[in-house]
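Some structures to go through are shown next.
Here come two complexes built around chain A, the first alongside chain B, the second alongside chain C.
Now for the complex of A and B:
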């Protein structure tokens, strides 16, 4: 399936982050930290070696070590400081906007 | 269209989790546990021997549900349960369905009471 360039931009961006530790905050306020295992076109995310930020509040997540997060419920993804290359995103966005 | 081969699955596919015991958290906050038998790209999933795990404070209860097909849009998280580890912390106490229903109602009433109290006090404009 072919997606418009802009949709692919963040998909490509997240693919670069695979293997890094990220924190995903969901719309229900649950925040999960883990190693980014994979991401797809919907920005669904798979995390490995996960831990929940507020463990006391979510005891049912205690034995979950790997998880799949549906892209539509994600509010934020907190990235590692060295994982953000704003210049690349900036350039790629302008390239897409010019239609190149 | 041919049936998807292993190469046609995206990296995020749930294929690795098939026939495993999973925890599915839904948008309404419900927590279901069951064996994953089928899924698709929308995260529609089929859970066999599904139970709903209700937790109120330190109490919990597993209600048997049977075979469940969950529409993907309701799915928040699908977690793999580590079979080596206890599913819940040791201080959680398992109770009967009737008791968890009572605890649920008490919690709901307490929340509502808090809401009405706050509403009544609003004119005081405290911070």
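Now for the complex of A and C:
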């Protein structure tokens, strides 16, 4: 599956994380916790069972349970500790960085 | 590109490659800074950092004296994916704190 011009490393990594709970922090400071449902080459994210981290501050998302997040508005994604294999990441990075 | 020597430093991204599995300092937009261990990155400077401390700096101006009050808030995250479009610079950690 060739996707020229788009980094595959993090796309592949997030595909492995599907089903795990993550917290996505957006550039507008909103933080959303949910189960990672899917991701695409642009690192757009779909979350399920979402809840906003600071509900008192952002009440307008109370009824939202699933959402699609455009990749470009993401600042951080907090990852579960069991979703990180450091050795695999290092190896994949060395391989990907060479091709860039 | 007949021989690709993995350890040769040819371009700026190669310098970052030297920091893999080492602690680094990252300056981000919106007056944020990160210090953590570099586990992965790509050409967009998307990164995965471990054992991360984030420092957010804000400057408040006193209404009466107009003096600048610099405030920082810190938080610690175990594993963090950072989107590359927010990254300004990457460096070995500065010995300031």
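Keep this in mind: the second predicted complex is superposed on the first by the 91 of 100 C-alpha atoms of A that agree within 3 Å, B and C clash if a C-alpha of one lies under 4 Å from a C-alpha of the other, contacts with A are read in each partner's own complex, and residues count from 1 in each chain.
Please note the rule applied: a contact is a pair of C-beta atoms (placed from the backbone, for glycine too) under 8 Å apart; a residue touches a chain by one contact, two chains touch by 3 or more.
All of these numbers come straight from a predicted model, not from anything done at the bench.
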Superposed partners chain B and chain C on chain A - clash or fit: clash
Partner chain(s) touched by A:61 [first = chain B, second = chain C, both, neither]: first
Chain B versus chain C as contact partner of A:81, first or second or both or neither: second
First, second, both or neither for A:72, with chain B first and chain C second: both
Contacts of A:13 with chain B and chain C, given as first, second, both or neither: second
First, second, both or neither for A:28, with chain B first and chain C second: first
Contacts of A:40 with chain B and chain C, given as first, second, both or neither: first
Common interface residues of chain A - those touching chain B in one complex and chain C in the other: 72
Complex contact set, residues of chain B against chain A: 10-12, 14, 17, 23, 25, 27, 29, 31, 41, 43, 53, 55, 72-73, 75-82, 85-89, 92
Interfacial residue positions of chain A with respect to chain B in the complex: 26, 28, 30, 32, 37-42, 44-46, 50, 59-70, 72-73
Contact set on chain A toward chain C in their complex: 7, 9-10, 13, 27, 43, 71-72, 74-81, 83-84, 86, 89-90, 92-94, 96-98, 100
Chain A-facing residues of chain C, complex: 4, 6, 13-14, 16-17, 20-21, 30, 39-44, 46, 48, 50, 77-83, 85-86
